[in-house]
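Common to both upcoming complexes is chain A, partnered first by chain B, then by chain C.
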Partner chain A sequence: MAPDLPIQDRQLDMHGISRVEGEGSLHVRIRDGALENVELEIFEPPRFFEALLRGRGFEEPPDITARICGICPVAYQMTACAAIEDCCATEIPESISRLRRLLYCGEWIQSHALHVYLLHAPDFFSCADAVELAMVDRGAVERGLRLKKVGNLLMETVGGRAIHPVNVRTGGFYRAPELGSIRALADPLRAALNDALETVTWVASFDFPDVEGEYRFVSLVHPDHYPIESGRIASSDGLDLSPAEFADLVVEEHVARSTALQARISGRDTYLTGPLARYALNQERLTPRAKEAAATAGLGERCTNPFRSIVVRAVELVFACEEALRLAEGYVEPEPPSVVVEPKPGTGSGATEAPRGLLLQRYEIDEQGTILSARIMPPTSQNQLTIESDLRRVIEDGIALDDAALTARCELAIRNHDPCISCAAHFLDVEIERS
Partner chain B sequence: MNHRVVVAGLGNDYRGDDGAGPAVARLVAASTGAVDIGPIAEPLDLLGKWDGACVAVLVDAMRTGAPPGTVCVVDIETESSRQTTSTHAIGLGRVVRLASVLGTGPRRVVVLGVEGADFADGQGLSDAVVRAVPRAAATAAELLFAAGLQS
Partner chain C sequence: MNPPTLAVWKFASCDGCQLSILDLEDDLFSLASDMKIASFTEMSSAVIEGPYDVSLIEGSITTKADAERILAVRAASKRLVTIGACATAGGIQALRNYADVGEYTSAVYAHPDYIDTLTTSRPISALVPVDFELHGCPINRYQLVEVITAQLSGRRPVIAGYSVCEECKSRGNLCVLVAHGTPCLGPVTRAGCGALCPAVNRGCYGCFGPSDSANTQSISRRLVALGASERLISRLFRTFNAAAPEFEQESVRHGA
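Moving on to the complex of A and B:
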């Protein structure tokens, strides 16, 4: 921030935005009271996972890619499995698919609970962090921690442990959880469902800036259910593609200021994945309680106010608890716990819905199963340009704010999308320049 | 869980010297009878595991530039005020403060750091850290005893 400049000419520097993963910076330049430029500069070193995967065996991606993120390892594992199984033309039995979906619900619950309560909600109370929020509303933070704990329990029970689960393999699982251990999840999940419903009521009461974004939403869609681990890829402007077709259509560009690739849909430009997109394209397939909660919260058929993404996440918490409960109550041990995946030369693509958006992976393997090439498109890479557009809109709307208030508004705008820079290999300090 | 005295190693046994905390915690538990609630991969995971404890000793690997194997007591107040830059991780200091605000954490928390040298993938501690483990465990036991007397 440059304190000597008049308010119509200023530069704000935001270094090390809290509650945003990774390293980078945002530079904002305001001249004569008008926004001149917004640039996300990303300088965290790229992580070269795609290169690291080359030459490895076709059964290794679930374990290797899980290490990209400590919050959404299941998303990486499930997507890697989907891509490899697509390449090898492996049919996955329904019992294994359902167990995968149950595991993924655990990740949604713990990730959304963490973001809603400990990372995003403090902004709406002008609290610096969850500690201050606990001083203001202890019961809310306790509720969030209870939810996160149930998500972790689910991941531990199905995946073996909550961070980087060890029970996932191509073709299924190393071991099927015993019936009793899954049925024992029912009571905690019922309690979590109640907590999730209270979460929706709580966040819907927040005071949101009156901002509407213009988004091209992209998410998985599935004819039978709200999408998590499978489906085709649709957009709000009419795309309906397989993961392979979508991967072909997305152009990833490198720009000098960023070590991350920036994604655009060829011929259509930027797009947004994540809760707002999933909800807009799938809200009619939410579970009954989640649908009811969304209606009570006044979400309508779509939500284009990015600040209200916290309400959509809360609705997805209800959905994930309800869906996990259904799957736990109907659990049948898959026998065997995995099917054999035989290497088949070719290319396979997989897409799933990570908590913060669409995740794609594509692998090319040879006849021995050696990986010849790998492509990973995490949600934050895909959302980065849209986040920049959001920031432009937020700054223009709030240009009369002083630098501190405008910086806080920018940070909130970024957290609306829960960017995971570890996944995308990037991000964030902020600099606003008025000159 | 309602153990009066708990110990936890923070870290990953599969990342070289990041396993220093769990190694020390195991030794402390074996020699003092404190309950080992680790290893802890993410500080938030302490919530719930240490509820009701009177005293908790946490042991973590550190990288401060000190000679590898250096053992020191970390000032948790300083650590808790440090700015973090993560969307997804909440630092140990903030977790301790959060537990305190919620009234669920141990009455006393003591944090011990062990300077690491090599955090590459793979099991096994570096020589300097191997030598530091019994020394750190002895320090931890003394801290447990002293904290227990004061609580």
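Moving on to the complex of A and C:
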């Protein structure tokens, strides 16, 4: 006889949620068989970047903000450069923009391969980690590690180092990589493109829960290409704004028991950034093989099943490999490798697409270039409220599950959005309370 | 015989040094077969209870809860190794040590009363005995393999304490300080990165922290001679290893 499950009244506590970057927890309270409360708690200790940047030089944000996140330092560096260059009205030559985009492709490949293979895929096989997954499908995990390695190789070749690259500066790069070293990336990128295409086929075969979310998608859009390092900010309900206008429109709330700020669009409530949003607003501008892979995987014009975000991420892996290959083959050494950025008092904003979503930075500087104020809006704090509403839906749909199964489902629902709590600390433990 | 157990712990940090373990890629499986990864939240949802043979600590201590947690981690660990600038020197978040944390909190958060934080960011060694400190922001992953291997065989890791200049010379870089007059912390910064910055025509910014017997006053005199302002010098020493004693003293000497 099956034991009676105390499912009417219960509380699930998930402390120290695994396979996400950073630390957080989730508390769920179920009363009389109905969901009463979901609280995502971010206990990542605050590091006060926005405060410590004040008084620093306007050339320092790329190195300092990189340290917000070891998984996506290039996103922080590129956004910092964009914001400072916006403030100083610096025109960046096309050859430098293309090299920045190549570096950023390396981070997308590294971060997406990490998330797809090491953090997210184990859930679909009920494995604790990639080491267990390798006992089930060693070839797959090896493929993931190969992809990740090519991403790192790209970042090392252009940026000097995969974690916290040293070659990035406002205005461009300290030194342009030699033509031969960039051309030598073509073969590894071709191999990575094949691995990325196999990744799409592999993840498309996973068994996904049948869930459709209603999302307000927000992402960069660019008329010429799938967005990475530049563009305007668009939403699925018609916004079309510059990064500065968008930053003005977003309200960040500080709630108790969280060191993350929660973002809402003023008057429009919550929104979602990241692969699902980028794909919905930009899929027609994907590269040819990526577009073909998305069609074969059955993604359609948009994907609103958050569990299938892993398929979109795999399609973006194809895109990033294809785009990097194109940029590497067409590489011309920028001469000079950077343009001079002269301090100009005022305020500047920058926005780029970090692998996990939209990242914004805004700086105010004085005539000497000293930073007077800084604002940083990481993707995870923008996505936090939407992740909570996803969790509400997942718990309501799965309320009959026992605590272990419901906890597993919640953790998967959180990982769907590749939250980076270190960035957001301004994020996870899961606690389900049925009382 | 059971394989030795490895645990990885995170405190205030960016996750980059933990990522260095996953960045071992080719060696990740051999590490996972030579050792039992018993607790590593970023990589696995499986947790095995301690004690652990080796614990790797990323991040600095900035909250009361973390100041207590590190005691429990130390008690559960036979060998404890700190990885990275946060765990060995307090990290970039140690800039609060020279500011008013109350003001910092109000600058970032609407409700400072919701925030539980200490007034300083401290290295792990300020709270518990540490068996080995691996420097770098981020650490060098090959040095990490050496440290883990050495811990398991009970020997001292072979990690150089000399300065970036040694690596720079053996790499055949042009000296950016001598040739271009670019401010460079290479002469006082611990080797380990492979002299990456001078290789891209940039001065070293000290992310591996002070080298053994670093003569920080001497490099400062040189920087002054090159026309560097006091403010620039103090800022150069006050980044990712700001609270490392040699760098802290030098930044204070220059007015920060």
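One rule holds for everything that comes next: the second predicted complex is superposed on the first by the 429 of 435 C-alpha atoms of A that agree within 3 Å, B and C clash if a C-alpha of one lies under 4 Å from a C-alpha of the other, contacts with A are read in each partner's own complex, and residues count from 1 in each chain.
Throughout what follows, a contact is a pair of C-beta atoms (placed from the backbone, for glycine too) under 8 Å apart; a residue touches a chain by one contact, two chains touch by 3 or more.
As the structure is a prediction and not an experimental result, all values here were calculated from the model.
Q: Are chain B and chain C a fit on chain A, or do they clash, once the structures share the same frame?
A: Overlaying the two complexes on chain A (C-alpha atoms) leaves chain C and chain B clashing.
Q: Tell me the contact category for A:Asp390 with respect to chain B and chain C: first, second, both or neither.
A: A:Asp390: touches no partner chain.
Q: Identify the partner contact of A:Lys148: answer first if only chain B is touched, second if only chain C is, both if each is, neither if none is.
A: Touch partners of A:Lys148: chain B and chain C.
Q: Quick one: is A:Ala130 in contact with chain B, with chain C, with both, or with neither? Answer first, second, both or neither.
A: both
Q: May I ask you to decide whether A:Glu229 touches chain B, chain C, both, or neither, giving the answer as first, second, both or neither?
A: A:Glu229 sits against neither chain B nor chain C.
Q: Is A:Asp418 touching anything from chain B or chain C once the two structures are fitted on A? First, second, both or neither.
A: A:Asp418 contacts chain B only, not chain C.
Q: What is the contact status of A:Ile71 with respect to chain B (first) and chain C (second): first, second, both, or neither?
A: both
Q: Between chain C and chain B, which one touches more residues of chain A when both complexes sit on the common chain A?
A: Answer, by number of touched residues of chain A: C.
Q: Once the structures are superposed on A, label A:Glu323 by its partner contacts, choosing first (chain B), second (chain C), both or neither.
A: Neither chain B nor chain C is touched by A:Glu323.
Q: Chain A residues touched by both chain B and chain C?
A: Of chain A, residues 16-23, 70-71, 114, 118, 129-131, 134, 145, 148-149, 152, 162-163, 420, 422 contact chain B in one complex and chain C in the other.
Q: If we count contacts the way the header does, which residues on chain A are in touch with chain C in the complex?
A: Counting only chain A, the residues touching chain C are 16-23, 43-52, 54, 56-57, 60, 63-64, 67-71, 73, 114, 118, 122, 128-132, 134, 145-146, 148-149, 152, 160-164, 166-167, 169, 173-175, 253-259, 261, 411, 420, 422, 426.
Q: Can you tell me which positions in chain B touch chain A when the two form their complex?
A: Within the complex, chain B contacts chain A at residues 41-42, 44-45, 47-48, 83-90, 94, 97-98, 101-102.
Q: Which stretch or stretches of chain A touch chain B in the complex?
A: Those residues of chain A that touch chain B are 16-23, 70-71, 114-115, 118-119, 129-131, 134-135, 138, 141-142, 145, 148-149, 152, 162-163, 415, 418-422, 428.
Q: What residues on chain C touch chain A, complex-wise?
A: 10-20, 22-23, 25-26, 28-29, 32, 37, 40-46, 62-63, 65-66, 91-93, 95-96, 99, 101, 103-105, 107-111, 114-115, 117, 137-138, 193, 196-197, 199-202, 205, 207, 235, 239-240
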